[in-house]
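Shared chain: chain A. Partners: chain B in the first complex, chain C in the second.
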Partner chain A sequence: MIRTLFLIGAFLFLGFSKICSAQEGFSAQEVIAKSRLAFFYAANDMRVKISMELINQNGHKRVRELTMLRKDYEDGGEQKYFMYFHKPADVKDTTFMVYKYPDKDDDRWLFIPAIDLVKRIAANDKFSSFVGSDFTYEDVSGRKPEEDTHHLLRKEVLNDNNCFVIESIPRGKAEYTKRISWMDENNFLPLKEEFYDKQNELYRQFEAQEVKEINGIMTITKRVMRNLKTGHRTEVVFQEVEYNSGITDDIFSERYLRKAPMEWVK
Partner chain B sequence: MGKVNLDTKLIISAVAMAVTASQPIFAAMPDMHGFAEFDYGAKVSDDNTKRDDFNLFEQRLQLKTNYFFEGENYLAEKRASVHFKGDFTVDEYFSGKTDFELREFNLSLTPYNNLDVKLGRQVLTWGTGDYLFVNDLFPKDYVSFFSGRDDEYLKKPSDALKMSFFPSLANVDFVISRFESNTIAEGDRLSFFDSFQGGIAGTNSDRDLLEPPSRASNLEYALRIYQSLESHELAFYYFRGFDKNPNSYKDETARQLFYPRLDVYGGSLRGPVMNGIGNVEFGYDNSREDSEGNNRLIENSKVKILSGYEKDLGNDFKVGLQYLYEQKLDYDDYKVNLLPADFVFDELRHLLTQRITKLFKNQTVNVSLFNFYSPSDKDGYVRPTVSYHITDQWKSTLGANLPWGEEDMTEFGQMKRNKNVYIRVRYSF
Partner chain C sequence: MRLVEFSINRPKLVVFLTIIVTLLFAIQFPKIRIDTDPENMLKADEPIRVFHKNVKKEFGIEEMIVLGIAREDGIFHKDSLERIKRISDGILRIKGVIADDVMSLTVTNNVVGMDGTLNVRPPMVDVPETDAEIERLRKEVLDHPLFKDRIVSSDGKGSSIYVPIESKDIAHEIGEKIKVLYKKENGPERYYLAGLPIAEDTFGSEMFVQMGLTAPMAGVLLMIVFFIIFRRISFVVPPMMVAMLSVAWTMGGLIGSGFTVHIMSSMIPVFLMPIAICETVHILSDFYEKLPQVNDRKKAILAVFDELVKPLFFAPITTAVGFADLALADIPPVKVFGIFIAIGIVIAWFLSMTFLPALLMLIKEKRPIVKEETGSKVLGWIGRFSLGKSMAVVLTGAILLAISAYGITTLKVNDNPVKWFKSHHPIRVADRELNKLIGGTYISYLVLESEAEDEIKKPEVMGYMEALQKHLETNPIVGKTTSIVDVVKRVNYVLHDEDQRSQILPKDQNTTGQYLFLFLMSSSPDELDHFVDYTYQKANIWVQLKSGDNRDMTAVVEDVENYIKGNPLPDGIKVQWSGLPFLNITWQKLMVNGMLKATIGTWWVVFLLMVLQFRSIWWGIVGMLPLVFAVVFSYGLIGFIGKEYDMPIAVCSTLALGLGDDFAIHFISRFRQRFRETKELKQAMELTMGGEPALAIFRNALVVGLGFFPMVMATLTPYVTVGLFFGALAFFSGVTTLIFLPALIGSFKKVLLKI
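== the complex of A and B ==
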């Protein structure tokens, strides 16, 4: 009996360590690359209604509500985004379009309906805030794994999820000097990220607060980014998430920038 | 504009008829949005206009709504929608005059997969300039611009039919519209250079501006053909209509000015360059009623070349620069035909602009400085603004309009007595 238990135990241990070694088989670089695909390139296209609450240290809230369409042309490569703003009232009906390229600056267009103006937006501002939130453009559109050197610091359980804890140090100019990410071992989604500044102080913190399976794809549906220096935070909720609904290429054009495709964005 | 005139009524009836003809079922009242605003602009220079202490003092209520057709009918199938936007104003400058300005009322639909149509009152914009227009001949309101209203009001609406074709080769916009002049200073609110008065004039100005009569032969046509070349956008433009500014004389003794026929041919290219966005645009204005340039009463043909560059320097700090070159053609013919008492306008104009924008406090504070400077005209126009989104609903804007110039007859020099400092407070809903 004891022997049987021992054998089972040994089997389980061996099996477990085999799984572990398989996971350990991923280099930190690979984990980051897989995480980028899971987080920014899930499925071939995505439609989502995004609600953002921008909350300052006194608890005053501002709300941004938008529908985002995303289409991927290559995993880890070119993508197109279309955004239609519902709120606040003074930017309602404004649309924003981004062509994202792996190796050069994005192309961005903004349409301001009140003056019927399609404006081209200079796009080398990846560290600027996205619509006044605590997320930068880079936070919402991704960063290439090669732009940092990555080290697996440890493995850790975070809210019952086994995670790789990875330290990333930028090779070139970056918004942070060090980033530490907790990546879910099962689906590679970032469950937590810490951003450190030049003084090596933690100043921004990302946290995934709700993860749901949608059309078989694990999706972070609630997230928060806190600026620990200013006390400002941004809470984001993803609603009505749809994957692979066949968003056509022509949506990402000046035609639809000027005349938002209501069947997709309403 | 600014009055519910006969044309406005026609537009309203046309769109209303198109809407009711399809017998749609209005499921529910569509959402109403807009804003209420208070504007005050204190005058900081003296002139001879209607009021000495301010040139902007008004309250404004803007209402807008969109209706998207639903159900099983032609309009729903063709993804039709109706857009309405109108401003109610109380203008203290004219002793509390109330007004209603219909800014948009149009029916938009997609009758075929590669054709969009928009019929009715609409705001139209194209081209690549920032406050400078080479191929955008749609009407502007420079009184709003110089008196401190929101940028939205620089663009006047047009009563138009816009057809947008999307064949695979290139995209084509074709607009047929009723003539609408630019709104320019006329001496009541803003002073300006009036050649009949021999200098900067205010309420003493008594010119008569003759618009082309509303008839089919006076419709205007505007065409844009555009295509993307990877990250760059190439466009060609053609306009056939009238000069939007009354710079030509019909009858000097009766002090009558008019808007002569004008054709404009042009092109533009815009795209990423040196980590920013660059643009070039050119236009050739053919003054059809004086194409030889030898009629001293009518504006000569012109060439305009615009180039611009905008760069984001990070940390919500942006800089934009533009250079505009304008040349009056057949200048020798123009000069030879002038009479001794005529004012002589220059052949060339060089204009530089610069825009600096910096955002603070999670992009709730916007500090911006726009500068026009013409070394040839020795004039300029400084437009600083600071705006603060106090909440998502409340926004307050403080700004100034500071045109200056050595001479009285240049574009900005003539506006130099209209300097103001203004405040706008807006509640959006």
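== the complex of A and C ==
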């Protein structure tokens, strides 16, 4: 009798804890993994015109305008990026290329037109700023789910969207000490993220401000990253988004770095 | 007079009421707010302060603490580097530290080329393991102008961490936390914590200690001096009580009405005490002279106030009006200082008229009163001497005055908040050592402003900055300059495979633009903010000075002015200085000129009051002389001994007002009283000099001169200065009053006495 009760108790306890850790059949780890694919690996390739405004605490702006081409080689795996800068005026024709590998440092190259030089740029860590914005390379190209311990804090409605609220604590070296993400239950896009620093204070905040369906794919077309400590923020707008337009492999080469493929970047 | 009568009739009530009021003021004390920011010497809307604030905002500059880590045989050892790493990591975690802007070996980005790859990263992300790696690190940082003499000393013996903090008033607190970090390490390294904010904020914390320690110490010594001079407790307690209560009421009022206690207002107690004491000493001296004659305390008190009511009223009121006149000065803390001293003097006067007589009624004395003989004999002899040889004495005085005036012309105006600490204080030591080690802990900013965006990237502007920096670095006071020019040159150098010939600026704007873009590609968005504004309309040259002396900063400012005269700025470019050292010279100028103007203004007011009071221009002039003499002698002396004219000294000049004024008014009004009675110069002078009036003045001079001597032991030099200066002023005011006044009266008796 006692044994039966104990078994029932244990069963109930296990069942309960399962509900707690895995809402609607997903564990926190799974939500993060799905989100990564939805956010960083949508379709097989992508072409987008990005306008980026870097705004400091005094409201002064620096504008970056670029066309970005992205090609995936494996979902969750290797990717290549090609960027062509239209603005600011004195950097026009500058191009930037990144080969992203999930398990090792990226390869990055920059073409400096004024001295006609292609220079490899070291990628020491994935936490450094992406083209001088408040976004890090990791914010732009993702982070492996295994690098953090994830924990579902609660479910919450954020601007009419049901969200998973997940806390992620890095296992190894990271730029933050704690990250809290609001993931849309329907499409797994991150709608909000909060990053805590070494002083355990909230210092960066990501927000998706506009989500649109493009070629059947839910895409964040307006986003902002705020640095709460410096008052600096970066606002990003995606325009002319195209998916699966068949970007060829040869685009991602030094030849095109020196002479940008105008049919793609115009 | 009615006040006095009331008080002697109902002494217990008066004492009781005084205690109640004192308690009311005392409960204000916990509300105290300390303000040690010398910046507050300037009005909040002073243009230079506004500009400094804008520069700070525009270029994301915060107030900086600098931690130096030094090791005799060099810091390029694995264990030292590990310590540097641990300490910088610890510093980044301290709340109030702006972690993003910390500069150190482990967090400040460097641009390097390695195996054909451009790398923007701090030189020491991880501590190198092998000797070869350590050597490479050493080469990397010493090869780089943005690191050499800034983050690492050129001899490799020291490294520094620049710690920007959210506000100046937490500098001391953060400094203490940094101390905890390095005290945990047991290596051969020595640590130095410096920087203006920490000096200023530490000054604040020590000011508390000094106020709590030195002022009571001065009080105790005053009592001892009192006791030695008067040999009776009943002579010690009343003046001390009146002085203490005046201070308590005034400071309670100041704190209660919401003013912060600034470096200046913290000196109010020290200034007020001697002035308050002087009044009571006059009353007591007269009282104990009269008491044996009438043998009734009530009658004696009434007689005293009958004789003294005029000088007792005019002396403090004149002084109070003089101090109140400081309110016209353009320096906010000086206004507060002047007004509250004036209020304190009125309080002291009020207490001398009420509380003091009440207290005298309540004291029971058994010992018979012995008349002070020796002092009066000596003073009487001095009176006869200077009256007899009046012309000679006046001439000697005039010659001394001329010599002192010459001494004043040799005065060097200088100040340096770091020098407010004595030379062996850890802050002074850190300051000296660190400035030997790196390019300077005093950081000034030279801002170039243009009229349009992107102007700074123009080759002629970049070139001008480069040349200006080169010129500045030839100045021995300037340890190091850094600007956007150094970043661009560095990128050029690295992109050209570290060819020495490419340590130069590119020739066109696009290349500069692309270099900066490249640099920003790999660093945080605000990485260059300390050097350029967001739209490349303004640039900021960091000028690190090895000395925080205002005089040295002034010399650098003049140097730049001359350079610009010889090398005109590019079209549309303006330059402007900013930073704490520059703010300090600005307020120094205001302070020196402001105090001078305020003091001279005050003297006119005092002079007018004396003329009114004595109803004679001539007596007014004579009455002003002890003041003039005391100040000219004191400053002349400072000039001769080579002490620099700094803020505390400027403030001290006002004290001459309090003392010289009091001595002169008492002397003159009581001499004239006696002259009216006797109609005879010699006899009147004998009564004044050989009697109670001169004795009281002599006692006052002695008490003030000696009583504040313990301040010399204070760890903060402004207190030391004030202590020494009090001695000098008391001495000179006393000497001029007791030696020169009789001689002057003798020499100019025709105009003064119409005989």
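Before moving on, here are some points about what is shown:
Everything below uses one rule, namely that the second predicted complex is superposed on the first by the 243 of 266 C-alpha atoms of A that agree within 3 Å, B and C clash if a C-alpha of one lies under 4 Å from a C-alpha of the other, contacts with A are read in each partner's own complex, and residues count from 1 in each chain.
Keep this in mind: a residue touches a chain if its C-beta (ideal position, glycine included) is under 8 Å from a C-beta of that chain, and two chains touch if they have at least 3 such contacts.
The structure presented is a predicted model; accordingly, all values stated were derived computationally and were not measured.
Once the two complexes are overlaid through chain A, chain B and chain C clash, as defined at the top of the document.
In the superposed model, A:R255 makes contact with chain B only, not with chain C.
In the overlay built on the shared chain, the residue A:K229 is in contact with chain C alone; chain B does not reach it. Residue contacts after overlaying the shared chain place A:D105 against chain B, while chain C stays out of touching range. In the superposition on chain A, A:P88 makes contact with both chain B and chain C. By the touch criterion defined above, A:S133 reaches both chain B and chain C. Look at A:F96: by the touch rule set out above, it reaches chain C but stays clear of chain B. With both structures placed on the common chain, the touch criterion links A:G77 to neither chain B nor chain C. Superposing the two complexes on chain A places one of the chain B stretches 22-30, 166-174 or 382-390 into chain C: stretch 382-390.
Residue overlap on chain A between the chain B contacts of one complex and the chain C contacts of the other covers 54, 56, 60, 62, 88, 90, 114-115, 117, 120-122, 124, 128-129, 131-134, 232. Chain A contributes residues 54, 56-58, 60-62, 85, 88, 90-91, 94, 96, 110, 112-115, 117, 119-122, 124, 128-129, 131-134, 197-199, 201, 227, 229-230, 232, 234 to its touches with chain C in the complex.
Chain contact summary for the complex, chain C toward chain A: residues 57-58, 60, 92-95, 97-100, 114, 116-121, 125, 454, 457, 495, 506, 508-515, 517-518, 520-527, 529, 533-535. Listed in rising order, the residues of chain A touching chain B in the complex are 54, 56, 60, 62-63, 87-90, 92-93, 99, 104-105, 107, 114-118, 120-125, 127-129, 131-134, 232, 250, 254-255, 259, 262-263, 266. Looking at the complex, you find that chain B touches chain A at residues 33-35, 66, 68, 79, 81, 108, 116, 122-126, 151-152, 154-155, 164, 166, 171, 226, 231, 233, 270-272, 275-277, 279, 310-312, 314-316, 318, 359, 362-364, 389, 391-393, 395, 426, 428-429.
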